[in-house]
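Take a look at the structures below.
Look at the two complexes coming up: subunit A is in both, with subunit B in one and subunit C in the other.
Let's look at the complex of A and B:
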């Protein structure tokens, strides 16, 4: 059981870092950006490429985050900004198009073969549960990233301006807050968090062009559970979802009911994600309802 | 259409020359000309839907301007983006959605001073002196404030930027009489202490006339009457609202408005 909890925390970390970027973007531009998943994949590859230049992990990941943040700004300039007058549905569909373009782009540039990060990990035993130094690093990085984001949004003038923009765009503009510049900053942050999350995800599994399919559903389920525009909600959603998936896949239901061992096949991961999302949305507590950037 | 003499007055804080504006293809202001003189409270009256809020939004750059010129202190700001107008000294208290509901009162005030973070502390003391009630509510979320507190915050938030011109859209709406007294006393104090002109939209005619220097009446998106506040006769207001003039030939200006 402890093992399931540990696995849940690690998986929730990867999902949460990616998910907060979607929530941040949604809170400001009011549409769900499906290309965000590709930013995560791209970020994984950028980190891999930077590692290939002999850079250490922290530096490589930082470079990847900056590059992916810039890519997100470019996509905003080329696609979303010109479409800003359209309805959210139209922008969401456009974001699918962007996602598909990135998908083939990544495969064309980096090739279809899976790549694995060369990390040496130590393994620790906690009772009968196993945790690796990589797991610990992933969780620690996630916590640090969340603290930084929180400080930025709640303790700085620019971050508060971003929350003001998400709260009421016209009113923000009438206070002298430049909407386009802050929107660009928001996209940078979203891209950077996607890159970090994608890197963490790839570290724990492996890097391949179709890893987006593994990320897509859990991330969007987490964001939806969290109410789309709430950062704290996205983190909570990631935790709920990860716990549901790991319990469903990790518990020996056979042993519970009879003497024969039986596990739910892991192909049902996405099904569990959807089921958890639907269940939580039907019964969700008040604080998980949508609001501004929280 | 000729430009009324008021509009040609040099040194106006704000001047609109034959401005047409609206929402996308929908034109609401129809070649509207008027000027706000330095140091006056100009009351804008008009029926519901006559375009009073649209006038203030147009000054703030929140509508589509399709014709005419808008000056602030003789600088053409017709094409300026909203945030630039704010930086240029135009303070605007909208009729609705005039606070950041999800932010704390303190953060709301901080956003008011977004452009001058260094002056924030002093500006905050000044607005809390004007609305002491807000001092106890600094940590509260703006969305949780009472209607009166929220109104005070919306004005305080705008004053944080130390504007050179103040646009107020129906500061008395939905308030209890005691709160209206407080808000109007605050408006007079703002004008006295800060010596800034105020463009005031107000449905409460008696209250508005009591503090205004001059009155313009909007009828279907144009200025139909422009007169000193003292010259307004209350029993003629109904006709003024409908036609912009009192007498037998009311229709000339009203008729050229778009249907």
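Let's look at the complex of A and C:
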């Protein structure tokens, strides 16, 4: 059971960093940005490319976060800003188109084959459970990123402005808060967090242009569970989803009922995510309509 | 469907081959030959190498004046390792491009979906990579240049038992290739007195396989029997390493597995693989590969792709032109890059050379024949 818990924490860490970016963006611009998942993929590739230049992981990841944040701002100016008068559904569909364009672009530039970060890991035993130095680094990085985001939102004027913008854009503007500038900052933060999450995900798995298909469902399930506009909710949603998935595929259900071992096949991991989303949409629809950065 | 324009280098080389062909070859209509491979998505490296082998063969044929003066023209489509994309590609190749034959890289489940279409249209598939025994259900349509799983699986099971392994757990991809080879190997292993303690068939394309590997750990096998390919196999090995597995891996087709950590895997991966790749033809193809694509070590798929195109060219050059009949006879007297080829009445390779190979010091080495 400890192993399942550890696996859950590591997986939740990977998707939580990506999920908070979606929540941040939704709280300000009120649409679910599917291109956000591709920002994560792009960020992973930026980090990979920076590593290829001989840079250390912290520097490479920081550069990746900055570049991806800038890409998110550019996409906003070129695509979402001109569409700002349209309904959220239209912008959501446009974001899917952006995501597809990015996927093709990444494949064209970096090739279709998977790439793997060359990392050496140490393995530690906790009873019967195993955790690696990479797992610990991923969890620590996620916690640090969440602390930084929390401090930014609740201990700075920029954060106050962002929260005001999320609560009531017009009112915030009348109080002297520059909405366009803060919206651009929000996109930068969302892109940077996506890049960080994509890098962590690729470190634990691999980089490939269609990696977004592996990320999309768990990340959107996490933000749906936690409430689309809630950053804390996105983190909680990631933890709940990850725990549910890992229990479902990690528990020997056969041994519980008989002497014969039987595990739920791992491909049902996505089914758990879909089921969680459906349940939330059925029983907590109001949560999805509420606004504000929380 | 995305039409894949393969590498500029490859295309340039093929164009160069056309230009350098004899005047006779250029004066006649080219013979279009279809290629369906996974050039994006999963399993890209193996598919790419198969295409390269085909290109080397096409270059050689065209350099010698083509097939009775007709140059070979390759039309390459990307299946993206998706059944629907492969079906779209096959339909285009057969109906629009009017190719008489398609050289195909599966996997098995994809190739089994395309085979009925080829059969219905009276066309040919030359199989270079898929090994499900079900491919034998399409006589006159599917011709395989590699042996199917029932042959290699049996060899794996018997050879593993002969190494003194008493109990084993399987970890294979959950597709017709993986489970087909597992079933054949398990039957042979148990017939020799071995015990199977777990059968884990993992879903392809998962971000990690920790849960699957943890099941494997809990079954406490003496050894692990496996097959797979590409990126998934690398992720499996990575998770096995980080979860502290120490067992030896006995594999069907170890050469198509992607080793994740050389030091950890050194001496811990061995198995049976398609053999016959050390002959003169294979050496010539290997040299051509190095000259055309650099010093990268060619995968066995290079040689299977090469033989596939050469057999099609031989069938096309036979009296009466290309047909299922001439295709079936194309192996007569043929000494290919993968050795002499013998087909059963279904067009499936039998009595193949099978090598025993081990992973040592960062590369696979042949240690014997099965």
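Quick notes on this structure:
We adopt the following convention: the second predicted complex is superposed on the first by the 281 of 294 C-alpha atoms of A that agree within 3 Å, B and C clash if a C-alpha of one lies under 4 Å from a C-alpha of the other, contacts with A are read in each partner's own complex, and residues count from 1 in each chain.
Here, contacts are C-beta pairs under 8 Å (C-beta built on N, C-alpha and C of every residue); 3 or more make two chains touch, one makes a residue touch a chain.
Predicted, not measured: the structure shown is a model, and the values here were computed from it.
Per the definitions stated earlier, placing subunit B and subunit C onto a shared subunit A by superposition produces no clash, and the two fit side by side. Between the C-alpha centres of subunit B and subunit C, as viewed from that of subunit A, the superposed structures give an angle of 150°, to the nearest 10.
In the superposition on chain A, contact is made by A:206 with subunit C only, not with subunit B. Residue contacts after overlaying the shared chain place A:163 against subunit B, while subunit C stays out of touching range. Applying the stated contact rule after C-alpha superposition, one finds that A:30 touches neither subunit B nor subunit C. Using the contact criterion defined above for the overlaid structures, shared-chain residue A:266 touches subunit C, although it does not reach subunit B. In the overlay built on the shared chain, the residue A:81 is in contact with neither subunit B nor subunit C.
When the two complexes are superposed, the chain touching more residues of subunit A, out of subunit B and subunit C, is C. Contacts of A:246 after superposition on the shared chain: subunit C is touched, whereas subunit B is not. Taking all C-alpha atoms of subunit B against all those of subunit C in the superposed arrangement, the shortest distance found is 38 Å.
In the superposition on chain A, none of the residues of subunit A is touched both by subunit B in one structure and by subunit C in the other. Put simply, subunit A touches subunit B in their complex at residues 157, 160-161, 163-164, 166-168, 170-179, 291-294.
Note for the complex: subunit A touches subunit C at residues 3, 7, 11, 107, 111-114, 116, 121, 123, 125, 130, 132, 134, 201, 204-206, 208-210, 213-214, 246, 249-250, 252, 261, 263, 265-267, 269. Taken in their complex, subunit C has these residues touching subunit A: 39-42, 44-45, 48, 174, 198, 201-203, 205-212, 214-215, 218-219, 230-231, 234-235, 242-244, 260. Across the complex, subunit B meets subunit A through its residues 60-62, 81-83, 85-87, 92, 94, 97-103, 107, 110-112, 114-115, 117, 157, 161.
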